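First chain written, first letter: the chains are A, B, C and D, and each begins at residue 1.
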């Protein structure tokens, strides 16, 4: 069974567009059938052709697309809309898509305010639609394993969380050098109230809640702007307090020169601890008291890392799986849920993916992190 | 431009079938349009449907497929045949495909004897067809970088090569436990004259010649069988002598318990050395005299690792690319050559892929390595 | 030239006593000639004999020792006193030693309050004595290299500092299981106002100031107690603001189960960054924009890591040097300064070691970090 | 109890002299009391003074030293002689020392021929003297652990051994640039029949037999000379066949540019495998079928890595121990044996050290490896 996808954003020259398409194609459960890929009609058209669409299914505005596509007969109509636009172009197309009867898969952060996030939530409930937000790092097999271990209590009571997301690509003023990726991210009108925290801090926040299965209740942050003239944070440190007494630290930076995409998390419990690093994603280091350390590995077979991890890998151990495969796991799991939905069955919990709750939490995190830094006091969340 | 592929082998349950399809889909330049996926017609049928074919394009014998598909009009006819069968089922379908006018992409090792290899070569020349052999590890960006550095003389005169390919999955008699992958690999009638050396030793051999751009002229080997009752080598060590005085060692094992897919190569020259490990494929360690070591990274941008490496990556640095992406580079480069061929242009040298020469070398290596081990003397190659 | 050392504390069964002695012996510039090793006279006696002293030079109280030893003729008299006692037993013996005319080498943290620290400082000035505090991690060759690189501006303007010191050995209530090391560290009367922050947080703080050559001006902290009933912090996170706009984060924990002695620092500047990890101390990773990463290595020769690093290593590259060798560098450099002092020469800046200023800063850090956590506001320092 | 050592060789400017002395001093069980440190009397004198001797105990020939020191009264007489000279100066002083009634600790390789080795053995038996050969890498705690695991059968039947010792410091003709270390190693009159194989290949050979507790019975080698004009091998590869069907490969090179002191061993058995690398000596990676990998760590406590490893470490886990500490373990264990010998007790098996058998095996290995390479056939050993 293959699901039809209409896409908004992600045209030629973008980073995330090709990622979505490679991920969507990987497991052959999703096919692109329509799209509007740029606000520039010509770029949109060329992107669509390059992506394998015929000209009639390429649009020059998302409004047109939603309107036209929603009128198609069932067997031609997209099953869901993929939204891969800058942050300020999430809220409206998401809502319009839902209201037009489409399921939605949308990039993070969800929108610009908590209020918008709740409206999206309400629309989903009202129209009974499925929603996936691309906190793609949860798609890694070893992240699944980590969450599972914490959930089963293998590490005991969780105490300390250290989550870091460091990049260096905005160490200079790329937004004034013609770098499209940098331009909108540095513009408050397009990125929202936060820069680095919105772009990557939300991933870090979400991963920490995902693996611990615990909620942050308050935080203290200091956001920084290191590149002169920049209007949004390009760096920040946040002290996190979770439910159940878990304490943590979240660091995010896009001016950590030399760091590529260094996203990592460490969780310390009363019986053991774990460490996972996105740049070497196929290993999960687990450490115990008075026992040798252990390394779980992607694909090593269900005897080792367990069923859930195994079901999110495609290759035998030692055949490295990477970013695209993890991203594809979101698509695969969303497609499996679409299938279950269509068949009137419940979602299979093994094949989870981040949803609207994660989207709302992300917006709450951003509002709290900006407020705390500004007011120099703890912010509840 | 998208090329049509007909596939032989690689049905549900195989390892390599899905790899081929994920790799083929990744860059959207190849689509599966026909296939025979198993000698069991029912498995073939189910595989084809699962892979997105209609029943009429799924066949129950490769002979039928080649015959039927070759009669299709140009716009429906496959451009090339992908052969993903066990070793003993390469020679005939490759030859038949070439003679029917198809280009061919085939798994390694090429066939069962040097003689067969030369016949395939002759057929390709006679019919002017393109040929790719899936020495997929050459598709990694850092392997391209390594070859480029050696080629430019950055390491000086090459002296020592250490190439290792160690796996542990055949540490026990998997071939008698219902493991299909193991069964044919352990059977001389299907695997050929060599076991481990044919399956993974050929990769190691090919990579050493690819990166050094030098040919092995003689070798001394000791092949081992550690699991009792096994008829083909499951392990071996080979001393290699290349042209130009390069000396090296090749180790391969499938009983190195604990090793997953540990393929690595180190090249030592008079000015510097390099080290690459398949399981952490996005780094290339380069070491110099009296200067700090250097680490080149996939995707770090053309300023760092250079154009050739950059053109074989899809993501910014730090977004790990893995086995499937490297495999996809063979498909992409083969498709680019198909495109050039169709347009009457020469192949773009940047987008190289392993071809018939590599296939022939592999068979020569296997015959030499088996002969040397048996006769306990150096074998020329 | 060999210097005579009298020792207070560090008897049999302690961790730090043998470390001091192994470090002192390594370069043959210091010899133990007297000592009081425990408040228990019998343990003191047995330790002294084991450490190679004759009974008459082993004392049962530090007061007696200082009194007796200070009356010895010049050629027998100790040159300096080494103080390796729990924190509450630093202040008095340090002052008494100085006043009796001895130079002093003392464990960290310096004492219990900033006020005491200043008094020690004043005594040193008044009596013209040399002082070394065992922030031993500054003794590693790659730490010297890091400081040198920052000092020369190779990384540009420093922006972000991430310093972590994580241990797991106090994950359970070791202080009630007969562990002497844990007992005094958990007791406010002996450890002072801070637990984990005093024991290891001060190392992290000192290293961050040492490498950046910049001072922390304010901080925001949250100290945590995870093990029930414990009276002092066993964990904490601190946001650091340095002079010159440098922002950073300091994390310390002794309940990070699975961590051994995981002390690391990363420094990000506008032109490059560096990363050093105590547990693999012989490598310094340096990363640049648009150039491959570099790895400097201990002992690789002056051409590579430079003179200062080279002069703090004893072996060719690849012969790992560790904790004791780094500790010994403090002793060696302190001895070289004693020699220069005796000869009326100035200290050779290449052979630096942490001194009284580091001790005062440590106490200021502890008072600030405790105050900030308690009052939930930024503390100046 | 402290043992008195007389030393031959190892003067100022040598690598190994200071290593011996640092190792000897570390545990305070050995003290240098006499020596002849160079064939140049003035260098010998200056070295002796620098090493803390009085002039009367520094000699200008080893013959004089042995004669004079052997006449000293028991309480002044050295307990053993340490021989740290180039290879050709082992045989005679070792024999003379034994005959004069001294125990001996000697650098490797033992001497120049198997015949000499047997004579030394006979002398030791005849005079009932103890002997240690500095195969210092066996002193690492994780090497002890590795041997113990193999011995207990934890890895099952051993199948494959991969041992490598790669250095790059002789990539150019250092022996003609005034490098003393290189000069004698490149001179057959001083180094013996082998260059690289004698200097580091013997370490690799000895470690492989030590950990597997199995003997090599035959080998096939190719020795190489890469630097023009050099008379002894600077590189080589050796296929090893052990008793019990174990097969292996030994590689050694001193022209592997970029390698520092890259000594590593991997052992593969029917139930598990282990991997140890000298440059990160405090970890031992152990891998199993269907279970996560494990990492044993130096110092982690007897609960984790076991008693034998624990008794060869001095610090808590995470405080890196290195080359000197491992070397010191030989001195410590030899001193413990001297103590037992003096007390008429048997050696404690936990505190083993390499002895005369290892020395003989080393010479047998060298003769076999040179013969095989020359005659291009398997050599028994």
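Simple rule for what comes next: contacts are C-beta pairs under 8 Å (C-beta built on N, C-alpha and C of every residue); 3 or more make two chains touch, one makes a residue touch a chain.
The structure presented is a predicted model; accordingly, all values stated were derived computationally and were not measured.
S.K.: Tally the contacting C-beta pairs at the A-D interface and at the A-C interface, and name the larger one.
M.R.: A-C
S.K.: So which chain is farthest from chain C, going by the mean of the CA atoms in each chain?
M.R.: Chain centre farthest from chain C's centre: B.
S.K.: Can you give the whole-Å distance between the Cα centres of chain A and chain C?
M.R.: Comparing mean C-alpha positions, chain C is 43 Å from chain A.
S.K.: Report, in whole Å, the distance between the mean C-alpha point of chain A and the mean C-alpha point of chain B.
M.R.: 34
S.K.: If you average the CA atoms of chain A and of chain D, how many Å lie between those two points?
M.R.: Between these chains, centre-to-centre, one finds 55 Å.
S.K.: Got the chain B residues that touch at least 2 other chains?
M.R.: In chain B, 259, 286, 293, 297, 300 touch at least two other chains.
S.K.: Across the complex, what residues on chain C touch chain B?
M.R.: Touching chain B from chain C are residues 286, 290-297, 300-301, 303-305.
S.K.: So in the complex, the part of chain D that touches chain B is made up of which residues?
M.R.: 159-160, 162, 164, 168, 171-172, 220, 222, 224, 226, 235, 237, 239, 241, 245, 247-249, 251, 253, 255-259, 266, 268-273, 286-289, 293, 376-378
S.K.: Name, in rising order, each residue of chain D that touches chain C in their complex.
M.R.: Contacts found on chain D: 2, 15, 18-19, 21-22, 25-28, 51-52, 167, 169, 259-262, 278-282, 297, 299-300, 314-325.
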